[in-house]
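After the C-alpha coordinates below, expect a handful of questions from me.
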Amino acid sequence: MHGYTASKSDYVKRLARIEGQVRGLSRMVDDDKYCIDILTQVSAATKALQSVAVKLLEEHMAHCVAEAVAEGGDSVEIKVKEAADAIARLVRS
Amino acid sequence: MHGYTASKSDYVKRLARIEGQVRGLSRMVDDDKYCIDILTQVSAATKALQSVAVKLLEEHMAHCVAEAVAEGGDSVEIKVKEAADAIARLVRS
Amino acid sequence: MHGYTASKSDYVKRLARIEGQVRGLSRMVDDDKYCIDILTQVSAATKALQSVAVKLLEEHMAHCVAEAVAEGGDSVEIKVKEAADAIARLVRS
Amino acid sequence: MHGYTASKSDYVKRLARIEGQVRGLSRMVDDDKYCIDILTQVSAATKALQSVAVKLLEEHMAHCVAEAVAEGGDSVEIKVKEAADAIARLVRS
(Lines give C-alpha, C1' and ligand atoms only; values in the text may rest on other atoms or scores of the structure.)
Protein backbone atom coordinates (compact mmCIF):
# COMPACT_ATOMS: atom_id res chain seq x y z
CA MET A 1 0.00 0.00 0.00
CA HIS A 2 1.31 3.40 -1.00
CA GLY A 3 -0.03 6.93 -0.77
CA TYR A 4 -1.13 6.77 -4.39
CA THR A 5 -2.78 3.35 -4.34
CA ALA A 6 -6.32 4.71 -4.07
CA SER A 7 -5.88 6.89 -7.15
CA LYS A 8 -3.77 4.44 -9.17
CA SER A 9 -6.08 4.40 -12.19
CA ASP A 10 -6.10 8.20 -12.23
CA TYR A 11 -2.28 8.26 -12.41
CA VAL A 12 -2.24 5.63 -15.15
CA LYS A 13 -4.69 7.74 -17.17
CA ARG A 14 -2.68 10.94 -16.69
CA LEU A 15 0.56 9.19 -17.63
CA ALA A 16 -1.04 7.68 -20.75
CA ARG A 17 -2.05 11.20 -21.76
CA ILE A 18 1.53 12.46 -21.22
CA GLU A 19 2.87 9.50 -23.21
CA GLY A 20 0.55 10.61 -26.02
CA GLN A 21 1.86 14.18 -25.71
CA VAL A 22 5.45 12.95 -26.09
CA ARG A 23 4.46 10.80 -29.09
CA GLY A 24 2.81 13.93 -30.51
CA LEU A 25 6.12 15.80 -30.11
CA SER A 26 7.86 13.15 -32.18
CA ARG A 27 5.20 13.51 -34.87
CA MET A 28 5.61 17.31 -34.84
CA VAL A 29 9.37 16.93 -35.45
CA ASP A 30 8.69 14.41 -38.17
CA ASP A 31 6.14 16.73 -39.83
CA ASP A 32 8.61 19.67 -39.73
CA LYS A 33 6.41 21.75 -37.47
CA TYR A 34 7.67 25.17 -36.38
CA CYS A 35 10.22 24.90 -33.51
CA ILE A 36 8.40 27.38 -31.27
CA ASP A 37 5.18 25.33 -31.53
CA ILE A 38 7.12 22.19 -30.58
CA LEU A 39 8.60 24.06 -27.59
CA THR A 40 5.11 25.05 -26.44
CA GLN A 41 4.14 21.38 -26.42
CA VAL A 42 7.36 20.40 -24.59
CA SER A 43 6.42 22.92 -21.87
CA ALA A 44 2.91 21.45 -21.68
CA ALA A 45 4.24 17.89 -21.30
CA THR A 46 6.78 19.03 -18.67
CA LYS A 47 4.04 20.82 -16.71
CA ALA A 48 1.83 17.73 -16.85
CA LEU A 49 4.71 15.57 -15.52
CA GLN A 50 5.48 18.06 -12.73
CA SER A 51 1.84 18.12 -11.77
CA VAL A 52 1.80 14.30 -11.48
CA ALA A 53 4.91 14.61 -9.29
CA VAL A 54 3.35 17.17 -6.95
CA LYS A 55 0.24 14.98 -6.57
CA LEU A 56 2.42 11.93 -5.81
CA LEU A 57 4.30 13.96 -3.20
CA GLU A 58 1.05 15.15 -1.63
CA GLU A 59 -0.24 11.61 -1.24
CA HIS A 60 3.18 10.46 -0.09
CA MET A 61 3.19 13.06 2.69
CA ALA A 62 -0.39 12.23 3.69
CA HIS A 63 0.32 8.51 3.92
CA CYS A 64 3.97 7.47 4.17
CA VAL A 65 5.24 10.50 6.10
CA ALA A 66 2.17 10.39 8.36
CA GLU A 67 2.76 6.66 8.92
CA ALA A 68 6.38 7.33 9.86
CA VAL A 69 5.23 9.94 12.38
CA ALA A 70 2.82 7.42 13.89
CA GLU A 71 5.60 4.82 14.11
CA GLY A 72 7.95 7.37 15.65
CA GLY A 73 11.67 6.84 16.03
CA ASP A 74 14.24 7.59 13.33
CA SER A 75 11.86 6.85 10.49
CA VAL A 76 10.30 10.35 10.50
CA GLU A 77 13.62 12.06 9.88
CA ILE A 78 14.54 9.52 7.19
CA LYS A 79 11.21 9.83 5.35
CA VAL A 80 11.26 13.63 5.57
CA LYS A 81 14.85 13.85 4.26
CA GLU A 82 13.93 11.49 1.43
CA ALA A 83 10.90 13.62 0.49
CA ALA A 84 12.97 16.84 0.68
CA ASP A 85 15.60 15.31 -1.64
CA ALA A 86 12.84 14.36 -4.10
CA ILE A 87 11.49 17.94 -3.95
CA ALA A 88 15.00 19.32 -4.59
CA ARG A 89 15.34 17.08 -7.66
CA LEU A 90 11.96 18.23 -8.97
CA VAL A 91 12.70 21.91 -8.41
CA ARG A 92 15.97 21.51 -10.32
CA SER A 93 14.47 19.55 -13.21
CA MET B 1 13.55 23.82 -43.41
CA HIS B 2 13.86 24.42 -39.70
CA GLY B 3 16.78 24.74 -37.32
CA TYR B 4 16.32 21.13 -36.25
CA THR B 5 15.89 19.56 -39.68
CA ALA B 6 19.49 18.30 -39.91
CA SER B 7 19.18 16.45 -36.59
CA LYS B 8 15.56 15.27 -37.00
CA SER B 9 16.34 11.59 -36.51
CA ASP B 10 18.29 12.42 -33.34
CA TYR B 11 15.23 14.21 -31.89
CA VAL B 12 12.92 11.36 -32.86
CA LYS B 13 15.24 8.92 -31.06
CA ARG B 14 15.44 11.08 -27.93
CA LEU B 15 11.66 11.54 -27.86
CA ALA B 16 11.10 7.80 -28.31
CA ARG B 17 13.33 7.22 -25.29
CA ILE B 18 11.33 9.77 -23.24
CA GLU B 19 8.08 8.13 -24.38
CA GLY B 20 9.52 4.87 -23.02
CA GLN B 21 10.39 6.61 -19.74
CA VAL B 22 6.80 7.84 -19.36
CA ARG B 23 5.46 4.35 -20.19
CA GLY B 24 7.87 3.04 -17.52
CA LEU B 25 6.34 5.48 -15.01
CA SER B 26 2.90 4.05 -15.72
CA ARG B 27 4.27 0.54 -15.14
CA MET B 28 5.87 1.63 -11.86
CA VAL B 29 2.52 2.96 -10.61
CA ASP B 30 0.82 -0.23 -11.76
CA ASP B 31 3.45 -2.37 -9.97
CA ASP B 32 3.02 -0.36 -6.73
CA LYS B 33 6.60 0.87 -6.74
CA TYR B 34 7.72 3.17 -3.96
CA CYS B 35 6.56 6.79 -4.55
CA ILE B 36 10.03 8.29 -4.09
CA ASP B 37 11.43 5.98 -6.79
CA ILE B 38 8.63 7.05 -9.15
CA LEU B 39 9.44 10.70 -8.40
CA THR B 40 13.11 10.11 -9.28
CA GLN B 41 12.00 8.80 -12.68
CA VAL B 42 9.61 11.73 -13.17
CA SER B 43 12.56 14.09 -12.59
CA ALA B 44 14.65 12.13 -15.11
CA ALA B 45 11.91 12.33 -17.77
CA THR B 46 11.40 16.05 -17.10
CA LYS B 47 15.15 16.68 -17.40
CA ALA B 48 15.27 14.77 -20.68
CA LEU B 49 12.37 16.84 -22.06
CA GLN B 50 13.97 20.12 -20.95
CA SER B 51 17.21 19.09 -22.57
CA VAL B 52 15.41 18.43 -25.90
CA ALA B 53 13.86 21.90 -25.52
CA VAL B 54 17.21 23.64 -24.95
CA LYS B 55 18.67 21.87 -28.01
CA LEU B 56 15.66 22.93 -30.13
CA LEU B 57 16.12 26.51 -28.93
CA GLU B 58 19.83 26.43 -29.75
CA GLU B 59 19.17 25.29 -33.31
CA HIS B 60 16.27 27.73 -33.58
CA MET B 61 18.55 30.63 -32.64
CA ALA B 62 21.29 29.44 -34.99
CA HIS B 63 18.92 29.17 -37.94
CA CYS B 64 15.60 30.99 -37.66
CA VAL B 65 16.82 33.92 -35.54
CA ALA B 66 19.94 34.21 -37.71
CA GLU B 67 17.78 34.13 -40.83
CA ALA B 68 15.59 36.91 -39.43
CA VAL B 69 18.70 39.00 -38.76
CA ALA B 70 19.83 38.45 -42.35
CA GLU B 71 16.38 39.47 -43.64
CA GLY B 72 16.37 42.51 -41.39
CA GLY B 73 13.30 44.61 -40.70
CA ASP B 74 10.76 43.84 -38.00
CA SER B 75 11.26 40.11 -38.23
CA VAL B 76 14.27 40.12 -35.86
CA GLU B 77 12.30 41.67 -33.03
CA ILE B 78 9.36 39.34 -33.63
CA LYS B 79 11.50 36.18 -33.71
CA VAL B 80 13.47 37.24 -30.64
CA LYS B 81 10.30 38.04 -28.65
CA GLU B 82 8.85 34.69 -29.70
CA ALA B 83 11.99 32.85 -28.56
CA ALA B 84 12.05 34.79 -25.27
CA ASP B 85 8.42 33.84 -24.61
CA ALA B 86 9.26 30.19 -25.27
CA ILE B 87 12.20 30.44 -22.83
CA ALA B 88 9.90 32.00 -20.20
CA ARG B 89 7.43 29.11 -20.60
CA LEU B 90 10.25 26.57 -20.22
CA VAL B 91 11.72 28.24 -17.14
CA ARG B 92 8.27 28.23 -15.52
CA SER B 93 7.48 24.62 -16.39
CA MET C 1 7.69 27.75 17.34
CA HIS C 2 8.14 26.76 13.71
CA GLY C 3 10.07 24.04 11.97
CA TYR C 4 12.87 26.47 11.21
CA THR C 5 13.17 28.10 14.62
CA ALA C 6 16.20 26.05 15.69
CA SER C 7 18.15 27.07 12.59
CA LYS C 8 16.90 30.66 12.38
CA SER C 9 20.36 32.24 12.43
CA ASP C 10 21.48 29.88 9.66
CA TYR C 11 18.59 31.07 7.44
CA VAL C 12 19.30 34.71 8.22
CA LYS C 13 22.94 34.17 7.20
CA ARG C 14 21.99 32.40 3.95
CA LEU C 15 19.46 35.08 3.06
CA ALA C 16 22.00 37.84 3.78
CA ARG C 17 24.35 36.12 1.34
CA ILE C 18 21.60 35.95 -1.32
CA GLU C 19 20.79 39.62 -0.70
CA GLY C 20 24.47 40.32 -1.40
CA GLN C 21 24.28 38.24 -4.60
CA VAL C 22 21.31 40.30 -5.82
CA ARG C 23 23.11 43.54 -4.94
CA GLY C 24 26.08 42.17 -6.91
CA LEU C 25 23.78 41.65 -9.91
CA SER C 26 22.79 45.30 -9.79
CA ARG C 27 26.48 46.28 -9.71
CA MET C 28 27.20 44.02 -12.69
CA VAL C 29 24.46 45.73 -14.72
CA ASP C 30 25.77 49.11 -13.62
CA ASP C 31 29.34 48.16 -14.61
CA ASP C 32 28.17 46.95 -18.05
CA LYS C 33 29.26 43.37 -17.45
CA TYR C 34 28.65 40.81 -20.18
CA CYS C 35 25.00 39.61 -20.19
CA ILE C 36 25.91 35.91 -20.08
CA ASP C 37 28.01 36.48 -16.93
CA ILE C 38 25.07 38.29 -15.31
CA LEU C 39 22.80 35.36 -16.25
CA THR C 40 25.19 32.92 -14.59
CA GLN C 41 24.92 34.92 -11.37
CA VAL C 42 21.10 35.11 -11.68
CA SER C 43 21.07 31.29 -11.88
CA ALA C 44 23.31 31.07 -8.81
CA ALA C 45 21.04 33.39 -6.79
CA THR C 46 17.93 31.47 -7.92
CA LYS C 47 19.53 28.16 -6.93
CA ALA C 48 20.45 29.56 -3.52
CA LEU C 49 16.85 30.75 -2.99
CA GLN C 50 15.41 27.39 -4.07
CA SER C 51 17.77 25.61 -1.74
CA VAL C 52 16.57 27.76 1.20
CA ALA C 53 13.01 26.86 0.18
CA VAL C 54 13.69 23.11 0.13
CA LYS C 55 15.33 23.32 3.58
CA LEU C 56 12.32 25.28 4.93
CA LEU C 57 9.99 22.63 3.48
CA GLU C 58 12.03 19.83 5.04
CA GLU C 59 11.83 21.39 8.49
CA HIS C 60 8.17 22.24 7.93
CA MET C 61 7.39 18.59 7.17
CA ALA C 62 9.42 17.38 10.15
CA HIS C 63 7.67 19.73 12.56
CA CYS C 64 4.37 21.21 11.43
CA VAL C 65 3.19 18.26 9.33
CA ALA C 66 4.32 15.84 12.04
CA GLU C 67 2.49 17.92 14.65
CA ALA C 68 -0.69 17.83 12.55
CA VAL C 69 -0.40 14.03 12.34
CA ALA C 70 -0.05 13.85 16.12
CA GLU C 71 -3.12 16.08 16.55
CA GLY C 72 -5.07 14.03 14.05
CA GLY C 73 -8.35 15.11 12.54
CA ASP C 74 -8.67 17.31 9.47
CA SER C 75 -5.48 19.20 10.16
CA VAL C 76 -3.24 16.57 8.47
CA GLU C 77 -5.03 16.90 5.15
CA ILE C 78 -5.02 20.70 5.39
CA LYS C 79 -1.30 20.91 6.22
CA VAL C 80 -0.37 18.40 3.52
CA LYS C 81 -2.43 20.23 0.87
CA GLU C 82 -0.83 23.51 1.92
CA ALA C 83 2.67 22.02 1.64
CA ALA C 84 1.85 20.46 -1.76
CA ASP C 85 0.63 23.84 -3.04
CA ALA C 86 3.86 25.45 -1.86
CA ILE C 87 5.86 22.73 -3.66
CA ALA C 88 3.83 23.34 -6.84
CA ARG C 89 4.61 27.08 -6.66
CA LEU C 90 8.33 26.35 -6.19
CA VAL C 91 8.47 23.86 -9.06
CA ARG C 92 6.83 26.43 -11.34
CA SER C 93 9.05 29.33 -10.28
CA MET D 1 27.49 48.43 -25.29
CA HIS D 2 25.38 45.45 -24.37
CA GLY D 3 21.87 44.35 -25.23
CA TYR D 4 20.62 45.66 -21.91
CA THR D 5 22.37 49.04 -21.94
CA ALA D 6 19.32 50.99 -23.08
CA SER D 7 17.21 49.65 -20.22
CA LYS D 8 19.95 49.66 -17.55
CA SER D 9 18.04 51.82 -15.09
CA ASP D 10 15.01 49.55 -15.44
CA TYR D 11 17.13 46.51 -14.47
CA VAL D 12 18.68 48.34 -11.55
CA LYS D 13 15.18 49.21 -10.29
CA ARG D 14 13.92 45.63 -10.67
CA LEU D 15 16.98 44.23 -8.92
CA ALA D 16 16.61 46.74 -6.08
CA ARG D 17 13.04 45.50 -5.63
CA ILE D 18 14.22 41.86 -5.56
CA GLU D 19 16.93 42.81 -3.05
CA GLY D 20 14.13 44.25 -0.89
CA GLN D 21 12.13 41.02 -1.30
CA VAL D 22 15.11 38.97 -0.06
CA ARG D 23 15.63 41.36 2.87
CA GLY D 24 11.91 40.90 3.60
CA LEU D 25 12.43 37.13 3.70
CA SER D 26 15.10 37.57 6.32
CA ARG D 27 12.73 39.71 8.38
CA MET D 28 9.97 37.09 8.05
CA VAL D 29 12.31 34.41 9.44
CA ASP D 30 13.37 36.75 12.21
CA ASP D 31 9.73 37.53 13.07
CA ASP D 32 8.86 33.80 13.18
CA LYS D 33 6.40 34.04 10.31
CA TYR D 34 4.65 30.87 9.17
CA CYS D 35 6.91 28.73 6.91
CA ILE D 36 4.36 28.43 4.11
CA ASP D 37 4.07 32.24 3.92
CA ILE D 38 7.87 32.51 3.70
CA LEU D 39 7.86 29.91 0.90
CA THR D 40 5.28 31.95 -1.04
CA GLN D 41 7.63 34.94 -0.87
CA VAL D 42 10.63 32.79 -1.90
CA SER D 43 8.65 31.74 -4.99
CA ALA D 44 7.82 35.39 -5.75
CA ALA D 45 11.49 36.44 -5.48
CA THR D 46 12.59 33.49 -7.64
CA LYS D 47 9.99 34.36 -10.28
CA ALA D 48 11.13 37.99 -10.30
CA LEU D 49 14.77 36.88 -10.78
CA GLN D 50 13.82 34.49 -13.60
CA SER D 51 11.86 37.22 -15.28
CA VAL D 52 14.92 39.54 -15.19
CA ALA D 53 16.92 36.67 -16.71
CA VAL D 54 14.46 36.12 -19.58
CA LYS D 55 14.48 39.87 -20.34
CA LEU D 56 18.30 39.90 -20.34
CA LEU D 57 18.30 36.92 -22.70
CA GLU D 58 15.81 38.61 -25.01
CA GLU D 59 17.94 41.74 -25.29
CA HIS D 60 21.08 39.59 -25.59
CA MET D 61 19.58 37.74 -28.56
CA ALA D 62 18.37 40.97 -30.17
CA HIS D 63 21.78 42.64 -29.88
CA CYS D 64 24.75 40.36 -29.27
CA VAL D 65 23.48 37.33 -31.20
CA ALA D 66 22.26 39.58 -34.03
CA GLU D 67 25.68 41.32 -34.06
CA ALA D 68 27.41 37.95 -34.31
CA VAL D 69 25.19 37.02 -37.26
CA ALA D 70 26.10 40.30 -38.96
CA GLU D 71 29.82 39.65 -38.35
CA GLY D 72 29.45 36.10 -39.62
CA GLY D 73 32.09 33.41 -39.21
CA ASP D 74 32.43 31.22 -36.12
CA SER D 75 31.08 33.84 -33.77
CA VAL D 76 27.41 32.96 -34.45
CA GLU D 77 27.85 29.37 -33.34
CA ILE D 78 29.86 30.46 -30.27
CA LYS D 79 27.30 33.08 -29.19
CA VAL D 80 24.36 30.73 -29.78
CA LYS D 81 26.01 27.89 -27.79
CA GLU D 82 26.77 30.33 -24.99
CA ALA D 83 23.15 31.53 -24.91
CA ALA D 84 21.84 27.93 -25.01
CA ASP D 85 24.08 27.03 -22.05
CA ALA D 86 22.74 30.03 -20.13
CA ILE D 87 19.17 28.91 -20.91
CA ALA D 88 19.98 25.38 -19.71
CA ARG D 89 21.33 26.77 -16.41
CA LEU D 90 18.18 28.89 -15.96
CA VAL D 91 15.82 26.01 -16.72
CA ARG D 92 17.63 23.87 -14.13
CA SER D 93 17.71 26.53 -11.43
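Letters A, B, C and D mark the chains in the order given here, with residues in each chain numbered from 1 onward.
In the analysis below, a contact is a pair of C-beta atoms (placed from the backbone, for glycine too) under 8 Å apart; a residue touches a chain by one contact, two chains touch by 3 or more.
As the structure is a prediction and not an experimental result, all values here were calculated from the model.
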Chain whose average C-alpha position is farthest from chain C's own: B
Selected pair, greater C-beta contact count between B-D and B-C: B-D
Angle, in degrees to the nearest 5, of the Cα rotation that carries chain C onto chain D: 180
Separation of mean Cα positions, chain B and chain A [Å, integer]: 18
Distance from the mean Cα position of chain C to that of chain B, given in whole angstrom: 27
CA centroid of chain B to CA centroid of chain D, Å: 21
Interface hub residues of chain C, defined as touching at least two other chains: 47, 50, 53, 57, 83, 90, 92-93
List of chain C residues in touch with chain A within their complex: 47, 50-51, 53-55, 57-58, 61-62, 65-66, 69-70, 76-77, 80-81, 83-84, 87-88, 90-92
Residue ranges of chain A in contact with chain B within the complex: 1-5, 8, 11-12, 15-16, 18-19, 22-23, 25-26, 29-30, 32, 34-36, 38-40, 42-47, 49-50, 52-53, 56-57, 59-60, 64, 82-83, 86, 89-90, 92-93
Touching residues (chain side chain B, partner chain C) in the complex: 92-93
